[in-house]
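Comments concern the structure below.
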């Protein structure tokens, strides 16, 4: 009994957490479809005219999806080798967040705080984060961002200091009479301008203010170059490092593009990119 | 008879599909002029004041161009070695789409659905796609985009998840009373803001909403760096790969710029860039 | 007499066209100050309140500067070895354009076409182009742009086709009743949106239109990466090529930064960057 | 007495200017917290509703922080080996600017010029610049910007000439009747458009004006690529230069990423990145 129980657990684990078996792939596709359908229903139910017509239908479908995701969460907990580790992991928390708001809405009687109920109803949409599980391939991008995190923090600190100073200046120049009612509002304007968003809800009216705005735009225009430069240089380094490590098993020449399947010098097949073993001593001369 | 027929077919094929003979070049230039003229007439006829004045003239010119493009399409079908392959190809479909709407407008009596007729009339402008045939040289750009397609898909999935969550947050914070009438509308706002377009038709009114907007802008400002980094790194790789393969036939030194005509070390003429044979084993040491 | 005349000519030439003598430098600085002062006066005189107060003063100053630039133009013509070559050159045309509008305004009686006179008055500001003469150092940037011109043309053709199609679609979806009065107006909207400018003077009202707008923004957001990638890759290539050619005269190691004055390996002085002779066979192994 | 005085001075110096002792770190963290709290109070006190409620409390807190920063400034002056050098340094001036406005507001009776008092009150926010002291790590970014300063100046001169000409053209085309009241206003519009900010407070009304606007946008869209390309190429060069200099002390292979702690070829620990001695002759072959 205990053995077959363990066996069932393992089989469930392979299907739910694994991605290489056929059953595992079917489960993944079914889950992705369920997430997307559930999201579409949630989005549609937020449109007043749709909500008025099909409120009950939307409610029922939502209950159905919540039940489904609850079963998924419990099964994951059950078949995981270390349930508490799963529950505390990023994906465990997201799987819980995907179902919690619906239960909380049921618990809170509708007569209670309207704002809280609305917030809970909208927060159901955070189940979109369940899809992050299937974006695993983003290693190169993530590593580039992490490799550049120190530079990015310095960049954003600089931007924060800049917008505070520019916002204070425009607050002095334009003042509350032209829509710059407070320093936070003026800093908001500086961010809108330096990022080149330019809503146009608060704009300078005086000549001096327009001059400062022009300066802010040109500044934003040129410092936009800095994060791009950082990411590009990091990405380029990551990609070069990666390319140098891919060698043809036949002629042992390196430098193949990361999606190459055949050696570009002798034409023999390169190892499957996903199974490629990166040799340790490869670039030693 | 049958022979001269085949001969005519082949000659037409060389003129219409080829680009190297004098007649072929004249045909191409004439076609490009016809496409541009036809587009200008279509665009002008959409301006109410012009339409009121010259409606009949525009109609006649349009019929003329449709006849011309129909003859072109039929000739292409006739002289093509495999007519069905041409008809199903990208350019075959575009050549058909360039003439179809005009015939459909004639078939549909003007008394029928106004929307459909307007749509058909506007769709005639899609004959601009016939020009894509003459943008063939875009190989490097296309290869870079294709080489980076996996990263681009991951990037856009991340952006999609981000704008859904940011849109939901602003919907909770601002609510229908400030113009954020539904979740799709709020996601639309998030896209307008994160791409730094900033129409200003929907803007946050509360302090908390403005804070979230500022965050969205800074996020958009910095993740804009990611696609740029991806494309730049890919392009750089493509260009380096290309340069390493161009060798001087005299001193056999590599590393010439892609538009170089003479060797920068010994001054002897490099092979014509279009005829350059890329040696197979060139970078082997 | 003829000799001293020739001598005067040559001396004037050295002062006016040259930049290396002391007198030549003083002339250049005086000219730059004159251009800037003249531009400030022109800009100020276009502000209605300033014009009302100091119209006569502005007129007199403008006549003074025109006289000055006329003398400069005539002297350049006089001392140039080939006056007709100078007159037809880029700078010759600009020097003429800098003075012509003022004379034309005097010739045209103020009673003639108001629009023409205003246009002529504003066109005096094009003397700002005289400053281009002092931006000569922009070789690297220009060469990068020229090296990438084919890719840039392809890029802009693609953008032109894209905005035409996107504009036509929004014209079908939104129609004249929502501000998309004609196809040119709709293409204008598509350009405003795809470049992420986002004035907000024409915005989609329907749900479908907002969806297409969101698509246009994301498209613009990502294809913005393409020109950046092109320029960056070109610039990087230009800079690498330049660095590889700078060698230390003592230890003959290459790879010095373009603004380095001393060898970073042995500390001996590098040749003056402006006088550096680029060796012909330098990277041959 | 004199000795212990010197001793006290030195100990204070280590705590206040140093960052490596425990006391020094505690001082730094306390100072950062004080700066942030003071900034939050300043920002909140600029919001009318908050100011009305807690004006006296804000005043008292501000006096407290000014006293604190005054003590800090005087101690720095006291314990600095060369007080006058500190007072004239960038950080010395900022430390003074952080306290001066408050004293000036006290000196100026509130009956004096309202504008000046408001400006002084807002300028207290410039104490945010005290934080720059803790952004020291930005060497790579700064060096890249400095290395590219010549190209950046040329770029901005080109942009300045472009917006002046584009602004003049739109002023001729649209004129005061469409909101383009003067040349400075038109140049302001050109900057708003070319940087893709697009407030929408001044927009072209005529067809010709819209055409010029579209051209300006596409121009801005593509020249945005130039500063990015410059910074990226510089950053890439700086990073490559840095990487080539980091060598494994065990196997002496170079090319390690700047944040690597262990050699990627033999696994032995690399020197602490902050203590790494860059060998002089490292890349000599």
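Structural remarks
Each chain carries a letter (A, B, C and D) given by its place in the written order, and its residues are counted from 1.
Basically, contacts are C-beta pairs under 8 Å (C-beta built on N, C-alpha and C of every residue); 3 or more make two chains touch, one makes a residue touch a chain.
In this text the structure is predicted, and so the values were computed from the model without any measurement.
Two chain pairs, A-C and A-D, are compared here, and A-D has more C-beta pairs in contact (counted per touch definition above). A turn of 90° superposes the CA atoms of subunit B on those of subunit C, with the angle given to the nearest 5. Ranked by distance of CA centroids from subunit C, the top chain is A. Per-chain Cα centroids separate subunit A from subunit D by 29 Å. Subunit A and subunit C have Cα centroids lying 41 Å from one another. Those residues of subunit D in touch with two or more other chains are numbered 155, 184, 187, 196-200, 224, 228, 230, 232, 236. Contact topology of the protein chains: fully connected, every pair of chains touching.
On subunit D, the positions that touch subunit C within their shared complex are 147, 150-151, 154-155, 157-158, 161, 164-165, 168, 171-172, 175-176, 181-184, 187, 193, 196-200, 203, 207, 210-211, 213-214, 217-218, 220-222, 224-226, 228-230, 232-233, 236-237, 241, 280-281, 283-284.
Note for the complex: subunit A touches subunit B at residues 39, 42-43, 46-48, 118-119, 122-123, 125-126, 128-129, 131-132, 135, 137-138, 140-141, 144, 152, 155-156, 159, 184-185, 187-188, 191-192, 195-201, 224, 227-228, 230-232, 234-236, 239, 243, 251, 253, 255, 257, 259, 265. Here subunit C touches subunit A in the complex through residues 196-200, 228, 232, going by the rule given at the top.
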